[in-house]
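In what follows, structures are represented as structure tokens.
The same chain A turns up in both complexes below, where it pairs with chain B and then with chain C.
Let's turn to the complex of A and B:
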């Protein structure tokens, strides 16, 4: 049942739409309903007339999904800022926002109004056009990246005639996603790489040295972490054999979630989405102690808010992809309503809420990481990407492709492969060349690190310290006596 | 299999989404331009550099390390892009066939060239960041 479902609905966009038997057509062909015989005879090329219509069922549903989900995401982003402030408050033993509305729940609204009525100022040295362009350039990729996420799986659309216009939408099986493109994962990567433009432009156009350094660091970090991101995705695509997100979920339902069979890839992906979103512990772009606010130092009012919203909607998108790729998407084990084969309206709603809840869990985890893990120095961030994550990603890709060639793609075989790779990495680690830069410098000649052959006294020099230390040894002797 | 022209309609929602994102950004900036105050000042127009008077423009030469890093990134990114169609196709092939061995061998050689380039860059000290 599972495999047949998978193979028949894996690539809906490659099958000509006129060849998909719709439930109603199958029923009217089987049953004794004489209705099709009574009406006027259909023209010979009726299916061509359907294709020429400006609207079809998938497009109609997709537009409605866009209109619903973009509001869900924008409201979620507003409340994620509230959630982040609350989580940071509880971690730091504070209360957090609690003045506006019950439990401070109207705080995002107050923040929005405040952003709106602040002055939108440009420093005199700034590049006028690029300065205006940067917030727009960063919010667009953040807001269009989620287009290929299958929020609710397939739905058996019962057919509908649009009033006033008269478009007839045939009953068919539609995907509850903004865009049912069969290259979904490649679309994600293409859009995610565009985010670096807004950062670079914003930092360069501000004509501020802190912004400039922040933009340099951020763009270098973002492009570096894109490569292990792509390599960890390849390990999944090799096992799934497809780049269509819905098909990846279906193969996970059939063969076990990829968090079990590819844990190294999941770890790489999670680290990379933290770095891509410029989240702690990789938030060197806006390290407050060194760079003021980083690339958005000079931005105020709504333009600053756009940078902020871009970061949070990027978190939503990348967490949703983490869920889709590794945690089974909308699927919960042992619950039939969230199985891809369930295509009713209730199942679609249940799947949407399951996916949304999983995304909120991942985002909360990212927030806890931000407020508990110290920021890594910039050169360590870059070394982690180039010296550790990328070699690990290439090794994972090679060993996964060998395993796929041998046909060992059951979850326990892949888990064994991951264990083998971990053992190999740990065994090879001491043999790799170690970087001597940024080691702790020897204080040559000091009394705590003497030169070879030098005799120094480490006894305390001040009389106060000597007095503190003196009674310790005799008192122990008196106790023993 | 040929891709029917009507199948391109799945990309129409992405176009709508891009228009909505542009509209959202532009509308927000326009609103704050209309609602917010606007006052000019010579000191106010300076770049904020932690209270110091900015000494000179920030548009100066910067470390060449970032340029080299971007070039290495291009090498790897293009390589990864080539691997996607291969990965999606290779995952669908039946295991342990001669065609599969050819597929695997060729991409292993491709990866080998990249690994050689990576080791060369490593030995040249591109990834030292000191």
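Let's turn to the complex of A and C:
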């Protein structure tokens, strides 16, 4: 199976991980460290080896991957808007864009031109610098999340001498990813947290109350939904015993996709990425019917386009991570070409397209959800996170750690654990306190829902609400005088 | 007789709002937010000044007047036929219902009994208009909660309704079809009209309503967003003189078609002992947004039943009453072919002639989709009314807005506004 052609390697091509004892091994003492599926046997201190060359194979490949992937993904993002419009059209019994080019395929291009020639409007009273910073602050985290996704697994790099500069790149096994970091999942969490800054800054800098409301909602929501996101991730990491995305895929190939063994974690993760990407039914931050445009109400032209692109690239990133964590990444069962052990150029291409189309499937599913369900109200969104998802995540984490400690990590054992947890949750649900109606809160100064015992006045309390009232008519006496 | 919709006890709705801290903010710290006049969720041009405490609405002050068009004043300058073009603009969701109601009031003033054929056609069109209005309102209920798809499912059918209006009158949106004592013209092709209406009643509307029901009726998010929001009790509904589906969703047993029957809703409508059309008036008791949604959907189904009863029973005969009288404009062939017809035409059309209206007052009201639409006409005997006062259902229903939204959240404004089905043109007139 393993055809390692480079048993002696001078330079590290990837960060060593095989020597790190997994938590599973530490916890249980059973089974020991799982043998890596592929990858070269590395010396203990390989990552400390000093390398005088400014370029090594992995870096060289990574740069090219960045160049390729960023173009592929940015074009994908443009066409996701087209896809969304077409999907919504099919759901709603319409035709969708079909004017520009064949089947409307040039519509994204036309949209892009329109975005560029629109007036770049900045509202009066907006914070000039933050207003410009916000679109940047939102697009960058959405883009850099792609860095750690292993698009094509390992590739046996045949070696290459860079012309002109004469750097010699030795044959080695490289990871088809922008950055081969072994804390990829932690990196994901960190980047996901950064996304909230753009939204908050945009809402704050716009000098618009709708925008500010959107920013408030988005920041509270994103922070709340990071907790169940992290908890569902931890449940996976416990089983996988690694935070390296490529190794997580390998462990899924060996032990079955985590969608089968950890479905609750997959559900939590999916709900959370919907909320993190501000997608319906969690799109409260830009709820059109409530907040007009939410945090990007005041944005136009390319600044708005950046917000728009950020939402879609966020979807791509989070869908890719969903695929990597739960759906075997680039792996397809029974197809040898997509097995991690296949390291040829053809295999890399096949894996890239498998991952790509899995991502498109997830995104299409997100779009179908968006065009099907109503929007959850804001307090219900928060309640869903804190009352339902986080307790479920904690319970999942605890029960998973017990299972891992006992060494019950086969897929059917974990599936049984999930079934047990589901039964527990369903059994405990009726015991939780719940109310049957939407309550009206009692507020000071309200005419129709006042505090108990409050003296109700009918005049508006705020001067801003009174500005429509006619000015006081001068009395006969004042006019006469 | 009215009947009560089944309560939705089967759904275990859990939509408790977050705990509200009443002490940490004083009234002066409130945020004032202008919801409108231009806002995607106000559908038209109306403005709510919201004093917000976080996302809670501490005070809601509705302002109207952004769509004032002088409709009532125009009634004093246009004659009894011309004014129909204005009334149909008041409620542009179901314009033909306004046409029918306006001429119902005028015919009350003139004390004219219209022909059975006209009664049947007007009843069919009034019920189609009810469907038209309710389809938009129930679809918009889904739209306001973010479910765009449900809205388009039911909005599609409105196109077919426009086609019918186009067929009978030549105008899709504002048919302006009725005239004093009848209609502008008879059906161009009765078989075609029946075919169009039957397709609408038997296939298109039931399918759309079915789609919408499947999409949102048992949807947990929809239930959490609508159950218990904007509650109106039966006493409040009576005290604030609400009417139509909003009152009936609160348990008020009031429907002008039953209590003060007119057209084919009354017994003996054809003068030969015909029975009134059979239908039920849905009543719900909860009085919340969801109850109003259910009542509206049920009213669509009842309207379809009424149309099904009448569509095969369209009587023959003239559509205009007294075609030789001075009440109706003669057909064009007579205008151009006979001196009497020409004289009669000019008698009605010339600005210094027109009708010999009785000197007096009359109030005619119909049960339209949003409730009791009435026109109070004061006539001084001239060709034009001296004063026309409209009783628009939306205007009366909109009074409740502040009362039922205070204490709820910002997002509930949208759901409540949609369920009241406020038409701004009716507010300002």
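Everything that follows uses one rule, which is that the second predicted complex is superposed on the first by the 385 of 481 C-alpha atoms of A that agree within 3 Å, B and C clash if a C-alpha of one lies under 4 Å from a C-alpha of the other, contacts with A are read in each partner's own complex, and residues count from 1 in each chain.
Definition applied: a residue touches a chain if its C-beta (ideal position, glycine included) is under 8 Å from a C-beta of that chain, and two chains touch if they have at least 3 such contacts.
If you're wondering where the values come from, they're calculated on a predicted model, not measured in any experiment.
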- Message: In the overlaid three-chain picture, which partner chain does A:373 touch, first (chain B) or second (chain C), both, or neither?
- Response: second
- Task: Look at A:451 in the shared chain and tell me whether it touches chain B only, chain C only, both, or neither; answer first, second, both or neither.
- Result: second
- Task: Once the structures are superposed on A, label A:382 by its partner contacts, choosing first (chain B), second (chain C), both or neither.
- Result: both
- Item | Contact breadth on chain A, by residue count: chain C or chain B | B
- Touched partner set for A:93, first chain B, second chain C, both or neither: second
- After lining up the shared chain so the two structures overlap, which partner does A:209 touch, if you call chain B first and chain C second: first, second, both or neither? both
- Task: Scan A:345 for contacts with chain B and chain C and give back first, second, both or neither.
- Result: neither
- Message: Touch test for A:287: chain B only (first), chain C only (second), both, or neither?
- Response: second
- Return first, second, both or neither, reflecting whether A:234 touches chain B, chain C, both chains, or no partner chain. first
- Message: If I apply the document's touch criterion, which positions on chain A are contacted by chain B in one structure and by chain C in the other?
- Response: 209-210, 292, 378-379, 382-383, 435, 437-438
- chain A-touching residues of chain B, taken from the complex the two chains share: 1, 3-7, 9-14, 16-18, 20-22, 24-26, 28-29, 31-33, 35-39, 44-50, 54, 57-59, 62, 66, 69-70, 73, 76-77, 80, 83-84, 87-92, 94-96, 100-101, 104, 107-108, 111, 114-115, 118, 122, 126-130
- Task: Under the touch definition given earlier, write down the residues of chain C that touch chain A in their complex.
- Result: 13-18, 20, 22, 25-28, 30-33, 39-41, 49, 51, 53, 55-56, 58-59, 61, 63, 142-149, 152-153, 156, 215-216, 219, 221-222, 224-225, 227-229, 402-404, 406-414
- Item | Partner chain B, residues of chain A touching it in the complex | 13-14, 16-17, 51, 56, 58-59, 62-63, 65-66, 70, 74, 115-121, 123-125, 132, 135-136, 139-140, 143-144, 147, 178-181, 185-187, 193, 204, 206-212, 216, 219-220, 223-224, 226-227, 230-231, 234, 237-243, 292, 297-298, 301-303, 305-306, 378-379, 382-383, 386-387, 390-391, 394, 397-398, 401-402, 404-407, 435, 437-438
- Message: Per the contact definition, I'd like the list of chain A residues that touch chain C in the complex.
- Response: 88, 91-94, 209-210, 213, 280-281, 283-284, 287-290, 292, 371-380, 382-383, 434-449, 451, 460-462, 464-465, 468
